[in-house]
Amino acid sequence: MNFDALIDCFSASACVVTQISSGLIIGMLIFMVASGVTLIFGVLGVVNFAHGALYMLGAYFALTAYWVTDSFTVAVLAGAIGTGLFGVVFERLFISRVYGADVLSQLLVCYAFVLILDDAVKAIWGGDFLSMGMPEAFALPPLMIAGGFVPPFYAFLTAFAVASAIALAALLGLTRFGKIVRAAAVNRQMVGVLGINTSLVYALIFGLGAALAGAAGALAAPVRSATPGMGFDILIESFIVTVIGGMGSIAGAFVGAILIGMIRAFGTVGFPLATEGVTFAMMAVVLLVKPAGLFGKAGR
Amino acid sequence: MSDELRVQGMDVYYGASQILFGIDLAVERGATVALLGRNGAGKSTTFKAIAGVAPPRAGRVFMREQDITGFAPYRIARRGIGYVPEDRQVFPEHSVEDNLRIGAKPGTDGAVHWTLERIFEVFPILSSMRGRMAGRLSGGEQQMLTIARTLMGNPDVILLDEPSEGLAPIIVQQIARLIATLRKEGVTILLAEQNMHFCIAVATSVAIIDKGQIVYRGSIEELKHNDDIKRRYLAV
Amino acid sequence: MTAISRTGLNRRTLMAGAAAGVLAAPHVSRGQGKEPIKIGMPTVLSGRFTVVGDSARGAAGLAIDAFNAAGGLDGRMIELVARDDKARPDEAARVVRELLNADGCHLLISSSTTAGAFAIQEVVRETGHLCIQTISETSSLTADPKIRLPNVFRGARQVVHDAIAGASYAAKVAKERGLKKWMTNSPDFAYGRDATGQFVESLKKIAPDTTIIGEAWPKFMAPDYTESLTQVLTSKPDALFTAHSGGDIVAFMDQAKLYNIFDKVPMFTPNLADLTSIKQIKKLPPDVRSGTRYLATYPDTAANHDWHDAYVKRNGGEPSNWSWETAAGTAFLLEAIKKTKSIDGKVLAEALRGMTIDSPFGIGGKLTMRAEDQTLINYAIGWGSVLAEPPYLKNIQDTDWSEIFHYETEWKKSKGFI
Amino acid sequence: MTARLELILGAVFAAVLIAIGLSLGDKAVIDVLMRLSIFSLLALSLNILVGYTGLVSFGHAMFFGFGAYVFGLLMQTNAISIPAAAAVTLLATCVWGAVSGALCIRLTEIYFSFLTLAFQMLLYSVIAGWVSLTGGDQGLMGGIPRPPFLGIDLAQPRQLFVLTVIVSVLSALAIRQIVQSPFGYALRMIRDNAERARFLGVPVQRYKLQAFVLSGIFGSLAGILMSLYVSGAYPNFAFWTLSGDAIIMIVLGGITVFLGPVLGAVLFQFLNDYINRITEHHGMVMGVVLLVIVLGLRKGVLDVLDEWRQSRKPRPEAAP
């Protein structure tokens, strides 16, 4: 423990800016994954334990697209769309069979897919770690803000995630599709009786959640090395975020992700060996005080 | 006139137990048919089976002479069958207007007879509450909303499951008037009821269901004078 | 009674399952002609460390192919049975027991990562089988007499050697360039703690005027180092030491690049000059110093080039540090088998103690298995400046093993190991 | 009567297992049987919560890890005998189970699951982070001393094997007694309808807590046996993947039949070991097998057998 360092950091704007920015970046990637988890749980009632594997797929799709086209834009699109399409197929063929089943069956189907996908990635791309490298467009010196440093790529990444969050909120809150989705989350049968193909809605939602994870994987590819099993950590983190924010709440996932990011960023300064424990402790506290999460509605 | 909706020899099971036994029903275009029966006689199950929510294990369902047996609920809805379930089932956290918009789709002929404006003309009470959360409405208002929401889908046939249940007499009257209006609009109606008097007020013909079987079919006039049937199958 | 008959049925099912498990065991070991010598290799073949297992298996396979092509041990061929331990210590323990007990392996090459290596150590403590550890570099495995076993040898480099080599080099650079304030950033697991702790200790000894002004311990295999990197920014050290390796050091440097951290701060690491890592680094900062892991050009001898080419030809990918370590460990084992014409663990152990072999990886083409603590010494080790293209490292300064021995002895004394 | 019969059957079963293990004299068989005993016990203990009380714990491995570490650390002091260390460990488990359980059982459904996960990961971070005590990621090193007691020398693999089987079978019988007792039936009632159980006077929260602690004690016992078997303890023992494995075991075997978890543990270990032996792509094969079982059977193996058996009977409506 080194609380002096923490206090020092808080008294220097450079440190605060830098650590806040790093907390945001960490949080934003987790948010991209967690928003899919929370969306899928909120609408489909499924805890998608395979979501980390989708993040991994996104990274590998992006890497491959980047090697082929040398364009980061194409890579991100490939990561998001490729993973989204995979998600739709996965939902139709497998997840749709465990709707309404107990959480245990859902867990097993997802776990089976984690095993299969990790292995498939190893078979296709090999077991070595792969790195995309920073695209030319972002190979710029970091921006200086109030004495703190913010790399342009991270600024882009944060903007991308925030834009995703806003787009997601707009899609769910303002469009007819979003209204249908929220209605289906409450009463799927009634939505179907009104002439809406709920299977399609479910597949699209799962695909959307998968695409978000895929985009996160693609965005992570320039700065994190891709390996089979890379989805493991972020899955756990996005679960923590989802639980803290409230299962089913996009806003909750956003706030939860920033919270976890900040704990990590400032925890490294003040209590480097305990940050992980602190995040779990926080999840426990939230569950005990407000089981539905900070933004969750009780009784769902 | 041809049958708008026809059900032939329909058996429905919940799990291992059979609920409906060889149901035959026919609803002519433009008619208002009442399905009368006591609690638990099988009225709701019949509706659910037609709507595709509880698919029949045997028998057939025809909509305008086209076989729609076993279709998913949304495809049945798109064939022009609007279903208003008995327990209302509004989307409680959506506004009245959003509830209506979710139900909106063109009819089988591609036309939109029911716009928001027309709905608000026919249901003035909903107009004044268009921004309110549906879960905050009273029971009668919710009933109005469910019917209106189904109308937004421009159905050819509307299945109304006990629309008067549990509502104050004044609201029941409003609903009866509404049904009369719909009939004038040319909407074919299949109505499930326990309340015979309500049916007499609105229906053109009647079928009585008991223990999962149709036990009587006839016009409203005949039923009015058949005390035996009324005593045996209806809580009169 | 329902309960009784149900129990009976289930017990039968259970027995059938158990019996199936038992029956499945022995059939694998049958071969034709002379019974092969089986060497079990617990290693990582799935997940984030797959590269370790691939490297180790490829290297051992190369050596064994040559041994078999030369006629084996009087016509007895060696068969390598590599099995995935999933980088989990409990699974490693299970897999080793299975290799020994069910597959009938005679000898072990343990190519598990550190946690697995220690678990395997506990198993062979009990079974007494001969085991060559080829991946774990954690010093205590052989240095600590409480953990060291007479039947276990380390055919890999050792952290304390690396640390002294690194510290000796770093001390020289520090003196030249006036690098006084150091920071460390290493993964929070056995190897990372060991490599960093011993580097710091040695550095303080060799260059007493250096101070450590901060340390960061990101979680092992953490996908993200941002928070600990920004900590470097705020602490403004003169130099940074890191013990990240493999994919982690690549990610670490990619992320550091975004802050241009190493534009100003020289970076020291024992782990970058490795073909599998360095080739993944797309943009190299100006001043990165690394110890040699595996390079085709270090030692710059024909033997090493040939081995590199043979490895690539057989296995496809580039050899890594784990490849040469496993190649060295395997070479010792094969040499001992040749020399003693035996596969008896005790006989082999006796031969291995103090054995010197010809090897592309040794100083002057020779490697020695030190008798006193059964660990590899005299392997080629040097430090230099990292380049983005081949030969990847320039101005390599070889480390003098006498210096390593000197400080290693001091270190051992301080730990109470001798 | 049934209880005595079960005891006899259990004893016979244990004797047969031990006889198989010792007579074959094959170390591999002993290894397999020991691991199966330990994981069967772990799965059975988890099923007290999942199958009988309807509480899906994602954190059951915390007890396994807790037992292994506390016991291992006690033994490494060289100041305590094996039975005493085991007793102290189980007592400590009781306390830890009561504390964590009192908090966890306040929640239901998926929230309960996540809270158990959180507690487990807290324990895991302590184990992984407190390097000076636990050895961190390397696990407890230097082996666990196994001094002889009462003429039993657990350093002998055969004696350890016999003890492991006996302890596991005895524990299984004890768990059987628990779930067949009125307490066990009250747990089922809580599982099926907690409100109704409360209405009928069942102290729901207290019973849930007791089930949690009991489940933890047997899980911890499995951990103790494991630490003796591998002569060490590793952070993986308290990691969530092991909790996941335990869940897979009970789902594979079946949660409604008492011995379902045992069959599940056998199936899972067998699949894991066998697939790992025959192919490097064990992830794919294991994944496909799991999918076939979950989506094909939609239930555990014994659940299916049990239903099939029930359906062949001439409709005994009052059976359950």
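Every chain is named by a letter (A, B, C and D) in the order it is written, and numbering of its residues begins at 1.
The definition used in the following text is that a contact is a pair of C-beta atoms (placed from the backbone, for glycine too) under 8 Å apart; a residue touches a chain by one contact, two chains touch by 3 or more.
Everything numeric here is computed off the predicted structure, so don't read it as measured data.
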If a chain touches subunit B and subunit D alike, it appears here:
A
Per CA centroids, the chain at the heart of the structure shown is A
Using mean Cα positions as chain centres, tell me which chain lies farthest from subunit D.
B
Chain pair, C-D or A-D, that carries the greater number of C-beta contacts
C-D
Between subunit A and subunit C, centroid-to-centroid distance (C-alpha), Å:
34
Rounded Å distance, subunit A centre to subunit D centre (Cα mean):
33
Give, as an integer number of Å, the spacing between the C-alpha centres of subunit B and subunit A.
44
Which residue numbers or ranges of subunit B touch two or more of the other chains?
none
Could you pull out the residues of subunit D that touch at least 2 other chains?
129, 282-283
Overlap residues in subunit C, where contacts from two or more other chains coincide
45-46, 188
Could you please write down every pair of chains that are in touch?
A-B, A-C, A-D, C-D
Which positions of subunit B touch subunit A when the two form their complex?
51-53, 72-74, 77-78, 83, 85, 89, 91-94, 98, 101-103, 105, 149-150, 153
Complex contacts: residues of subunit C adjacent to subunit D
1-4, 6-11, 13-15, 17-18, 20-22, 24-26, 28, 45-46, 83-84, 88-91, 93-95, 97-98, 100-103, 114-115, 118-119, 122-123, 125-126, 138, 140, 146-147, 188-190, 193, 220
Subunit C residues touching subunit A in their complex are 45-48, 50-51, 53-54, 188, 215-219, 221-224, 226-231, 233-234, 246-248, 250-251, 254-255, 257-260, 276, 280-283, 317
Residue positions on subunit A within touch of subunit C in the complex are 9, 12, 14-15, 18-19, 21-23, 25-26, 29, 118-119, 122, 126-134, 138-139, 141-142, 149, 151-154, 220, 222-230, 233-234, 264-265, 267-269, 272-273, 276
Which of the residues in subunit A end up touching subunit D in this complex?
47, 94, 97-98, 101-105, 107-109, 111-116, 118-120, 122-123, 236, 239, 243, 247, 273-274, 276-277, 280-281, 283-284, 287-288, 291-292
